[in-house]
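Both of the next two complexes hold chain A, though its partner changes from chain B to chain C.
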Partner chain A sequence: MSQADPSGLGRARAVGFVLPGLVLIGVFLVFPALWTIYLGLTDYRLTGLAAADPQVVGVDNYTTALGDERFRNSLWLTLQYVLGSAVIGQAVLGFAIAWVLRNRPGPVKRITEGLVLLAWILPSSVVAFLWIALLDRDDGTLNTLLHTPGFAWLLDYPMLSIIVFNVWRGTAFSMMLYGAALENVPPSHLETARLAGASTLQQLRDVVFPRIKGHVLTNLLLISLWTFNDFTSFQLTAGGPEGRSEILPVYIYNVALSGGQLGFGAAISFLVLLINLVFAFVYLRLLRDRRKVVVP
Partner chain B sequence: MTRGEPEESAETRRPKRDEGRHRRVEPPAGRAGGTAMTRHVLGTIGRATFLAVVLGFFSLPLLWLASAPFDAHPSITTSLPEFTFGNFRSLLDNPYVVSSLRNSLLQAAGSAVLVVVLAALAAYALSRVRVPGRDALLYVLLLLSSVVTGTAAMVPLFELATRLNLIDTHLGVVLTLSGGLLPAAIFILKDFMDGTPTSYEESARVFGASPLQILRHIVIPLVRPGLATIAVWAVANVWGSFLQPFILLRDPDKAPGAVILYTLYTEGGAPRLDLISTFSLLYSLPVVVMYVFVSRRYGFRFHGGIKR
Partner chain C sequence: MISLSGLTKEFPGGVRAVDSLDLEIGDGEFFALLGPSGCGKTTLLRSIAGLETPTSGKIRISGNDVTALPPGRRNVAMVFQDYALFPHMDVTSNIAYPLRIKKVSRSRREARAAETASRLSLSELLARRPGQLSGGQQQRVALARAIASHPQVFLFDEPLSNLDARLRLEARTFLKRLQRELAVTTVFVTHDQGEALALADRIAVMNAGRIMQVGTPSEVFHRPIGTFVAGFIGSTPMNLLPASAEGGRLHVAGAVLPLPGDIADGPLVYGLRPEYADLSQSAPTGRRDVFSGKVAVVENLGAAHLVTLDSGDLLIQVVVPEGDEPAVGAPAWAVPRTGRALLYRDDRLLTVA
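Right, the complex of A and B next:
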C-alpha cells in the first residue's frame, strides 16, 4: 500500500480526482472524434429535409469527395502549403537562423530571436491583419517599398502569399528547437572539421546533421501537423479567390459550416483526423525513445 | 529551452577563444592563408546579409503595428505617425471593442481556471497512485489532443454545442477549448508532481491531514511554477484562438476580441484603421507581457516548447 500510494490517497479518491478531467476530455475531445466517423457516413445538412431526418449514406461522401474537382484541388493546395511553408520554409529558415546565431550572444541575437518569436506569439487575428496591411493592393507597405502600386498580392498570388505568411508566422518554433539541438554539437568537432578544410555544407552534412537527426524528424513532424491543421489563412484569403488558396481546413469550413453540408464536411474531417493520426503515431514513437515532450 | 544568461555566455565563449587561437597559428602568408582569409571575410559578409534580410522580413509586417495605433490619420501604409493617443480613447468608446475584451478575459480566465484545477487534481492522483495502464492512458490522451484539432472536429463540435444548447454561450467556448488543452496540461503537471518528494505528504498524513488538505497546503505550493505555467499557457491559447469561438458564437455581443477584430475589417465596409490597428496592439499586449513574464521568471518557454 505505502509503496504504491505514499500519500494515502487511496484508489477510490484517486479515481475521484481524475474523473472530472477525464469526463471533460471524453465529452469534448474523444466523443467528437468518434462522432465525426458517424456523421461522415450520413447526408446530414444544416438546414432542409436532411437536417430533420439525416440518412446513413455509407461511403457516398467519400466517393463524392474523391470525384470532386474542388476537393482534389484543395488536397493539392494543402500539400503545397505543408511542403512549402513548413517542411521547406519554416524548417530551413529556422535552422539557418539558429545556425548563424549559434554561439553569438549579444544584441543582434536577442533582437533577431525576439522578432521571430513575436511573430509566433501574437494572436492569429492580429497577425492576419498585419499581413493584410502589408499586402494591401492600394497602399500596402510592400507595394510602396517595391514601387508596384496596385499589385494585388492576395488576389494574384494567394497561395504564395499564405505560404510566405506561414513561414513568417511559424519559423520561431524551428529556430528554437534547432537552437537547442545545435548545443549538442561539440564545438571542437566543428573546429576539427574546419581545420581539415571542410566547407560549411560538408560540416553540416558530416558533423552537425548526424547529431541532430532526431530533432530534425521531431521538428518536421510537428510543424507539418500544425501547418496541416492551420486555420489562420482563412483570415487572410478565406480560401479565395475562386478556391485558389482553399486548403483543407478552410475547405471543410466552407463546405460544412458555411455551405451547410455537415455530413460531407464530417467525412473530410475524418480524413484529416486519419492523416493527423499517422503524424502523431510516428511522433509518439520518437517521444517514447527520447523522453522529451513538446506541447502544441 | 531558454537558458540562464551565465550558462549561455560560458558556453559560447569557448568556441570564440578557439577561433582566436586558430587565427594566430594560421600561416601569415601564402595561398592557403589567403583563401582562408577570403573565406572568413565572405562568411562574415554572408552572415551579416542573411541576418539583415531576416530582420527585415520579420520586422516589416510588425512596423505597422508599432506606428499606426499612434497615428492621427492612419493609412494602411507604414509611415511616420503624427503622434497621438486619441485612437486609444476612441477605441474605448466603441461598445463592441470593450465587450469583446471582457469576453476574451472571461473565456481565457474560465478556461485557465478549469484547466488548472482539473489538471492538478488528475495529475496529483496519477502521480501518487499506481494504476495499471497509467502511462498508456496519458500517452493516448496526449495523442488525441494533438490529433483532434479544431479543424478535424469542427463539425461534431458545432453539433455537440448545438445539442447541448451551448451555442452563443461563454461556457461552450470554455468547455470546448479546455477539453483540447487538458491532456497536455495533465501530462506536464504530472511531471512536476513526480519531481516533488512524497516524504512531506507522508508526515502530514501521520499528523492526520486529509488528502485535500495535503494537496492544498503541501503539494500545490511545491508545484506552483508548474501551475503558473499551465495557467499562462492556457490563457495565451484561448486568447489567440479564433476557430472555436468563430463557429460557436453567432452573437457579436459574446464574441472575443480575436473574432471581433476579424469582423471589424471584413464586414465593416471601409475598415476603420484607427480602431483596428489600436485594437490589434492592445490585444497583443497581454500575450507578449505574459510571455516575457514566464520566460524571465521560470526560465523556459511556454506556448510551444517545453523540454524536459
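Right, the complex of A and C next:
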C-alpha cells in the first residue's frame, strides 16, 4: 500500500466516494456562481426580448452600477446597517450582556439568556410580523406605550427601525460567543488587576481583550457577513420608503426580481461577493498577525 | 497590623467557610494560615484582600476599617497559586503593572521593575513573556510584581505548591530571607505544615472555618491546644491513645504510667509523638510504663524508619533511627520519654506528662 493511499481504497473507488459530493457542490454552488458572473456580463431580463435572447454587454452593468446614485446610496445604507446593527449593536451589546451575566447566580442568567436566545431562534417571518405589530402606526404596541398615537416608525425612521430590529434579533449569537470566551479568562488575572486598583475599563483593556482577541475577530467577521447579506429587513420595510432602507440584498431583489433586470442584479451580486471576500481576507490577515504575536 | 473581629463568610448554599473569627497579625509578621483542605484559608485570605465580601465582621489594616473598601484601595498585594501573570505582557510590564495602574511614569516604573527584578535575580529575563519562563521563574515574577508596588500587606495563597519538592525548599529559604529584609506584614496560606513551621513567625491552625490555635511554630508543635492541632501538626502524626486516670496512675494501652500533678480520675487522651518514644526489641524487665506490641509496618523515612506497633486493638507509631529497625512481625516495646507526652481531657490540653 503506497503512502499516498492510506485508506487502501485505490484511486477509482476513492473517486467514487468523493464524486457525489463534488457533483452536488458543482451543481448547487460552483455552477450558479459562475452563471451569476456570466449573467452579470449580459443584459438578461426576466421578461421581454432580452429574456429570450440575452446579449453580452461586457462591463456595462458594472459601470452603470458604480455610476448609479441608487446603488451608491444602497451601499452607504448597508455600511450603516453593518456598523450600526452588527459591529456596534450586536457585538457591543452581546459583550455587555455576557460581561454583566458572567458570574450572576443561576436564575437571572438563565432567564436573560433564554429571552435573548428566543429572539434568535424564532423564524424570521414570525419575528418580522411581531415587529410590524410593535411598530404599527395605528395600533402599534410602541405607540401605545409611548403615548405617541399615529407615529409611523417604519416610515419616518426606516433605517433606525431595521437596525434596532437586527440588533434585537442577532445579539444572542455574540452574547453566547463572548460568554464562552469569558470563561477562558482566569479569575485570578482579573483579581490581580482589581488588587492593583484597575477600573472595569482597565480590566477589560489589560486582561480581558488580550485574551479574547481571537473570539472578537471571529465574532466580528461572522456577524458582519451575516448582516451584510441579511434580507430579513425586507419583511419590515421592503427597502422603503423611497429606498431609504434599501440595503444591498434588498436592492438586488428589487432590481433583479421586481424590476426584472436579472443581468444587472447578477453584476451587483458579484460586487457583494467581492466585498464579502475583502471582509474575510482582512479578518484572516488580522488573525494571522495575532498568531505571530502570541508565538514569537 | 491586620485585625479581624467576628469575621464570617457564608457562601450561598449555607457553607460557612469562615466562622466568626478573631485574629490579630502584627506589623512585619510572617503569619501562616494552616489547615486541611476546605477549612477556609483561601476564603479568609481573599476576605482580607477584599475579593470576598464578608457576611459579617470587621477587617482593619493599620487601624483603618477596610471592610467596605474595594481591593484596589486596601494597599495589599496578593500572589495567587497560579501566579496570574499576564501572558501577553513581558516580565517588565508584568512587574510594573500595578505601578502603571497607579499612573507612575513609564521611566520610573521601568526603573522600579528592573530594580525589583535584580533583587529576585530576574534581570536576564525582563524581555521574556511568562510562557517562556519555568515555574520557579514565574513564581519569582509574581513575587516581584507584588513587591514592586510597595504594599502594606502581602497575601500569598500557596505560593510554593506548584514547584517541585527541591525547588520548593530553595524558594522557601528565599522567601523567608526576602520577607525579613522587606519587613512587610505577610499572610501566607498553606496546607503543608512543614512549610508553615519553617517559614512563619506565628501560625494559625484552622479547621472548618474556625481557628483552633494561634502560636509560634514551637508552641503549636510542642503544646498543641487540642487533639485536632496535635494530630495535624508534625511530619508523622501524633499517637492519640484513649487513656484513663485511676488512683493517681495513668492507664494507656496496657501500660501504667505515673500521673502528673492534680488530675482527677476519669477518661483522658494520651498524645505522644512518634519521635518521642524509643523502641526496644527485648522486653524491658520489671517495667510497666512501656507499650508492648507486634511490629505491623515499617516505613522508610530516609534517615529514620517509622515503625507501627500493633498493640491489641491500638496502633502505636515510633520513629527509630537508621539501622535499628525491627523485622515485621517481631515483638517490640515502645518506651515513652518522660515529659514529652500530652494529656487531653474534653479536647483541652491538661498537662505534659
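In the analysis below, the second predicted complex is superposed on the first by the 266 of 296 C-alpha atoms of A that agree within 3 Å, B and C clash if a C-alpha of one lies under 4 Å from a C-alpha of the other, contacts with A are read in each partner's own complex, and residues count from 1 in each chain.
In this text, contacts are C-beta pairs under 8 Å (C-beta built on N, C-alpha and C of every residue); 3 or more make two chains touch, one makes a residue touch a chain.
Owing to the predicted nature of the structure, the values given are computational and were not obtained by experimental measurement.
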{"item": "Touched partner set for A:His189, first chain B, second chain C, both or neither", "value": "second"}
{"item": "Touched partner set for A:Pro210, first chain B, second chain C, both or neither", "value": "second"}
{"item": "Chain B versus chain C as contact partner of A:Ala198, first or second or both or neither", "value": "second"}
{"item": "Winner by number of chain A residues touched, once chain B and chain C are compared", "value": "B"}
{"item": "Chain B versus chain C as contact partner of A:Arg72, first or second or both or neither", "value": "neither"}
{"item": "Which of chain B and chain C A:Pro105 touches, first, second, both or neither", "value": "both"}
{"item": "Shared chain A surface residues [contacts with chain B and with chain C]", "value": "105, 188, 191, 194-195, 293-294, 296"}
{"item": "For the chain A and chain B complex, residues of the former touching the latter", "value": "2, 4-11, 13-18, 20-22, 24-25, 27-33, 35-36, 39, 93, 96-97, 100-101, 103-105, 108, 111-112, 115-134, 136, 138-142, 144-145, 168, 172-173, 176-177, 179-180, 183, 187-188, 190-191, 194-195, 200, 225, 229-232, 235, 248-249, 252-253, 256-257, 262, 265-266, 269-270, 272-273, 276-277, 280-281, 283-284, 288, 291-296"}
{"item": "In the complex, chain A residues that touch chain C", "value": "105, 186, 188-189, 191-198, 202, 206-207, 210-211, 293-294, 296"}
{"item": "Chain C residues touching chain A - in the complex, by the definition given at the top", "value": "12, 49-51, 70-73, 76-78, 80-82, 84, 86-88, 97-98, 101-102, 129, 145, 149"}
{"item": "Residues of chain B defined as touching chain A within the complex", "value": "1, 8-9, 11-12, 14-16, 18, 22, 43, 47, 50-51, 54-55, 57-65, 68, 75-78, 114, 118-119, 121-122, 124-126, 128-131, 139, 141-160, 175-176, 178-180, 182-184, 186-188, 191, 198, 201-202, 205, 211, 214, 233, 236, 239-243, 247, 257-259, 261-262, 265, 276-277, 280, 283-284, 287-288, 291, 301, 303-308"}
